[in-house]
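Chains here go by letter, A, B and C, matching the order in which they are written, and residues are numbered from 1 within each.
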Amino acid sequence: MTGLTKRGLLAGAAGIGAAAIIPSRRAAAQDMPAHERELYAAAQREGQLTWYTGQMQAEPSEAIGRAFTERYPGVRVNVVRSTSQVAFQRLSQDMRARVRQCDVFSSVDQSHLTFLKREGHLLEYRPRNAEGMLKVVRDLGDPDGLFQVTYLALYMLGRRTDRVSEAEAPKSWQDIIDPKWKDQLSVGHPGFSGAIGSWAVMMRKMYGVDYLRALERNKPQIGRSAADPVTVLNAGERTIGVGMPSATSLLSISRGNPLALIYPTDGTLMVPAPSGALKNAPNPNAAKLFMEYFTGPIYSQTVRQYFGESLRPEVPAPDGAKALDQFAAMTPTAEEVEKGIPEIREIWRDIFGV
Amino acid sequence: MPDSGTLSARGPAAVAGSRRVTWLGRLRNIEPVMLLWIALIGVLLFLVAFPLAKLFVVSFEDQRTGAFTLANYAFAYGRERYINALVNSLLLGLASATLAVILAVPMAWAVSRTDMPGKGLTWATVLGAFILPPYLSAIGWILLAGPNSGFVNRFWRDLTGFEAPLFNIFSFEGMTLVIALNSFPLVFIFVKAALDLVSSEMEDAANILGAGTWTAMRRISIPLVMPAILGGFILVFLEAISLFGVPAILGIPARLNVVTTQLWQFFEWPVRVEVAAAYAMPLLMITAGLIAVQKLLLARKGFVSQTGKGGERRLIRLGRWRWALFAWCAGVGLLAVAMPLFVLAQASFAKAWGRGFALDNLTLANYRLLIFEHEMAMQSVWNTVWFSATAATIAVLLALLIAYIVNRRLVPFGDALAFVAMAPFVIPGIVMAIGFYAAYAAPPLALYGTAALIILAFAARFLPIAYANSAAAIRAVHPEMEEAARILGSGRLHAVWRITTPLVRKALLGGWLIVFIVASRELSAAIFLVGPRTRTMAVLLYDMSEAGNFEVLAAFGGILLVITMAFVGIGMKLLGRDFMLRRG
Amino acid sequence: MPRLILNGLTKIYGRLTVVDAIDLTLEEGEFVSLLGPSGCGKTTTLRMIAGFIPPDAGTIEIDGKVLSAPGSVLPPERRGMSMIFQSYAIWPNMTVAENVGFGLELRKLPRAEVRSRVGAILEVVKMSHLADRYPSELSGGQQQRVALARAIVVEPAVLLLDEPLSNLDANLREEMRFEIRRLHDEFRITTVYVTHDQAEAMATSDRIAVMNAGRIEQVDAPHLLYTRPRTRFVAGFIGRTNLIEARLVQGEIVFDTVALAASRLATPPQGGDGAVLLSVRPQSMMLRETRPEDANGHAVLPAEVTRRVYLGETWDYLIRPRDSAIELRVSAPPTQVHEVGQAVWLTLDPQQVVIVD
């Protein structure tokens, strides 16, 4: 039904325009490895793919889509960005209604992908480019190669530099339940954000459910996305962000906002965020090509500009971020996430009321 | 009547006899358009009755087996939190509706009955509040009255030196305020229309017996329009309990769970539409209960509709008091329209809205991003326009034909048809959406993620607006207009096409525009039905609000408002200033 | 050969028989009114003739062809009739000429002929100068003329009029009454005219069918309805009357202290002895201050004035015959003044006494 949309017409017009610069396109195709060239040819016939993602914010997600189309002209990416839970909810609704919409699915919640794999919803395809990724990244992916870690999300504490000095700032997750931070905190919601779900699972594991109760007594302002605290801090509504995503925060800092990141001593939450192509993808070749793109260098170069971690050795870490081996990290296992998040959502709602 | 006995004995026998004889003749002379009417009724059932029936049935079905079960109800009401959400919704509905009545009734009285100055401004306020979507208003109020960062609270602190904020928008009171400020036009339109019918003689009669202006208003005018006030109250209540955007945006930080956000949770993986259906049932019962209460309260007294005719109408001279009323109207306008719009506009042109007004904070980047770079923004604009336009067209055509066959009594049970067509008016939009999901998302129709599902849901949801509009238009066309054409040799459809349609064209255009405008901003029904490629502006705005990028969000809201205003402008040009606010 | 025949026509809504087995025959070119109080079924009958309402029993025939029977109704557009409505139903989106030409266009006449026939009929109804006006620019009477022109121009087999003058003011109504009759005299279209106004029916019709409670009580020429009413209803509905319960005893009609020879009535009673109902018009009685010498076959009885009302053109007296329980309404010219309580002599012409059912 979208065949006659304005955008379709625009794309058609762009295609005509592109015909004038065919030599450069051919050059781009020539420097592709053979396996990519093959997929590219098949993907061009499909012309587009739909990517549900909850990994990066809207702006970088759009940039990732654009970079893909620049690299592989003629294959358009429909970027459907939302929080991971909402993205998964949409995918669930698709499946329940037996509608094929999504080609590639990306979430910050690893359990989404393990679930999809177990239920046989993932395309059996191991991207060749994955061999060139950092070992730590490679190891976090699916041993069978059905999904890959395409984003390493780091969640930590943040502060308003003009309101809270480095000295008085909390140093750890444990510090923020101190009553002196009452009405100062801002946090996302595990019902909307997979990262906050993972974080809450880890807090329960390390400090018990009482931790969340103590947090509740400090009356944090609850948003939806994990990135909400960035906005809330920028606005001056609160002074301490809990579970702030490093990439979004660094981006915001680079624009002159008075924020600083705090790597908690009891462990920065490192969430390997996986992506996989779907078995019933309406555009299977484009989906495979997108998996190659995810694991190749151009993707890492793109996300780096938005303060996403580089997945490959040849691309340096983003500006202002600590190298991966210079801070304490914690990562929940897939089972912890899959089992823990539904539980923690209920617990959270019972404690916080929403 | 001495021979009535023989009459009734003869009548039916004769009827039966001749019927047998002319059975074939009957087929020969049947009007072919009868089939069209039957098809129409089918469409109406498909759009309204079936989704609701399906919702009811599904609420008793086991998710896997489809067997009868009460487990969905047990689950839906098995936890205190779920019950609390219901209670919260009820309280929110009552509080918002009460506040809306308090805001609107003095305004309606002032505009209809008095010589208050600045009536044009009051109209603009009502229209502005009507077209400003509640979720945008909620964002505007976050910018205004966020406890620490809102402009109002910062100003308050600077002014007084107090630590505590003046008003915290993340609260029950905050939600009530935002909802009431957005929905008071419903009360205003109803009450003003009713007050316009009250003859001045009604007040004169009270005056001559010794009642002053205020007593006459309190004891005569306002009680006379009580049905309109109650009607508006009920509408605002229904609107409030079925809103999704405001509770999601303000309620979560306020720690307030309501029915709609709880329904949303039931749509989390694994999708429990059966539980959602069971959970939505009380909303329907509350609706039915409210309407019963309204009937009961109004049962015996005479009201304005019986006094509509006769008597001149004069404006009441208020003297200095007119400025007090003007201040009230202006205050509402400030809170409902001017202040939220101002901060949204400021944010949409700001690099960082928190920095306030400064030249180096001005940018067009937010608009540029949306219009030229954002992958989804323009697609959603286009979706919004064509979904809304198609839905409006379907709703108006269907409503016209249904109103026609009901008004002209072409089928038996016409009143039942009218009831079905008007039913979505009092069914919370979110319940309609879940009904549509339950009925048509899955195979055999498999409409989930298609534009058709949203268009059909919009058409059904706003059918009552179109129906009220069409019914009024059709009523205004005397049936003899068509009969005159028919007796001269024109067939039923030809007469409708040549005579009736041209006569109701303007009214239909008005109905179309209103449906288009309300559909283009609808969130509650859309949020459950959109697929990735069928997101509307309202849904994208909601998605953006998750990420908290208020500058881009405000800019997108600005685009939505510009589009809406363009259509409102067309309507005003073609149909007159108050086409949106007339009561059909 | 009769043009239009209604045969046992019946319409039932729920438990209410609105039109009750009526029979009516119209000759070619005849103008017949259906006259009756509101709710008597006259409009329903007209709309059944037009084909807007199917009958529950009975038939409607035109030129020997059955148009309506239960379960089989030829739609209005195929009946070749035309109709004038209470609301005029002039289409506000078309000019006068377009309104009038509509029926001709539907008959697929060449445009030139449509134009000339529209022009001609507008001439007849004196509306030529307003041909290009829109209805909202016309007065009520002018709209009525457009409606007439629109109905007549198609030369219908039957012309139906449904209370066409009820929305006009009194003067205009009188004018249009004669206009309608003039047009009928000119075109001789078989016409059924529905009205509740007896003056209107009398002025226009060849015959009037008086309807009551779904039945036709009497069909007759206008003057006969007045002088020879056949039922109590007709007697009371057409003009005013005194209804007197009497007995027929051996050739004499007896009531109160009066006895009239039955043979002196214009239509002597046919049946045997028993109760009869008399209709005596107020105009058929006279009041005298003294006993008239020559009774001239009229009944003469002493009486008393009990009440009086002056109506401008006549005096309206309420008279009680001596030693009687009944009161009679008597009309007298303005010059004939009697005081209340005065003794008078009442004379009654048996020729003008009618026995009604």
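Throughout what follows, a residue touches a chain if its C-beta (ideal position, glycine included) is under 8 Å from a C-beta of that chain, and two chains touch if they have at least 3 such contacts.
Computed from a predicted structure; not experimentally measured.
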{"item": "Intersection of the contact lists for chain A and chain B", "value": "none"}
{"item": "Chain with minimal offset from the mean of all protein Cα atoms", "value": "B"}
{"item": "Between chain A and chain B, centroid-to-centroid distance (C-alpha), Å", "value": "38"}
{"item": "Interchain centroid distance [CA atoms averaged], chain A/chain C, Å", "value": "89"}
{"item": "Length of the line joining the C-alpha centres of chain B and chain C, rounded to whole Å", "value": "53"}
{"item": "Chain B residues touching chain A - in the complex, by the definition given at the top", "value": "81, 84, 146-149, 170, 248, 251-253, 255-257, 261, 265, 267-271, 351-354, 369, 373-376, 378-379, 382, 441-443, 446-452, 531-533, 543-544, 546-550"}
{"item": "Contact set on chain C toward chain B in their complex", "value": "8, 10, 12, 15, 17, 20-21, 50-52, 56-58, 69-83, 85-87, 89-93, 102-103, 106-107, 147, 150-151, 154, 160, 213"}
{"item": "Chain C contact footprint on chain B (complex, rising order)", "value": "1, 7-8, 10-12, 14-15, 18-19, 21-23, 25-26, 28-29, 31, 478, 480-481, 483-492, 499, 502-503"}
{"item": "Chain B contact footprint on chain A (complex, rising order)", "value": "1-2, 5-7, 50, 52, 57-59, 62, 65-66, 77-83, 85-86, 88-90, 92-94, 96-99, 101-102, 189, 191-192, 221-225, 227-228, 230-232, 234-238, 255, 257, 345, 349-350, 352-354"}
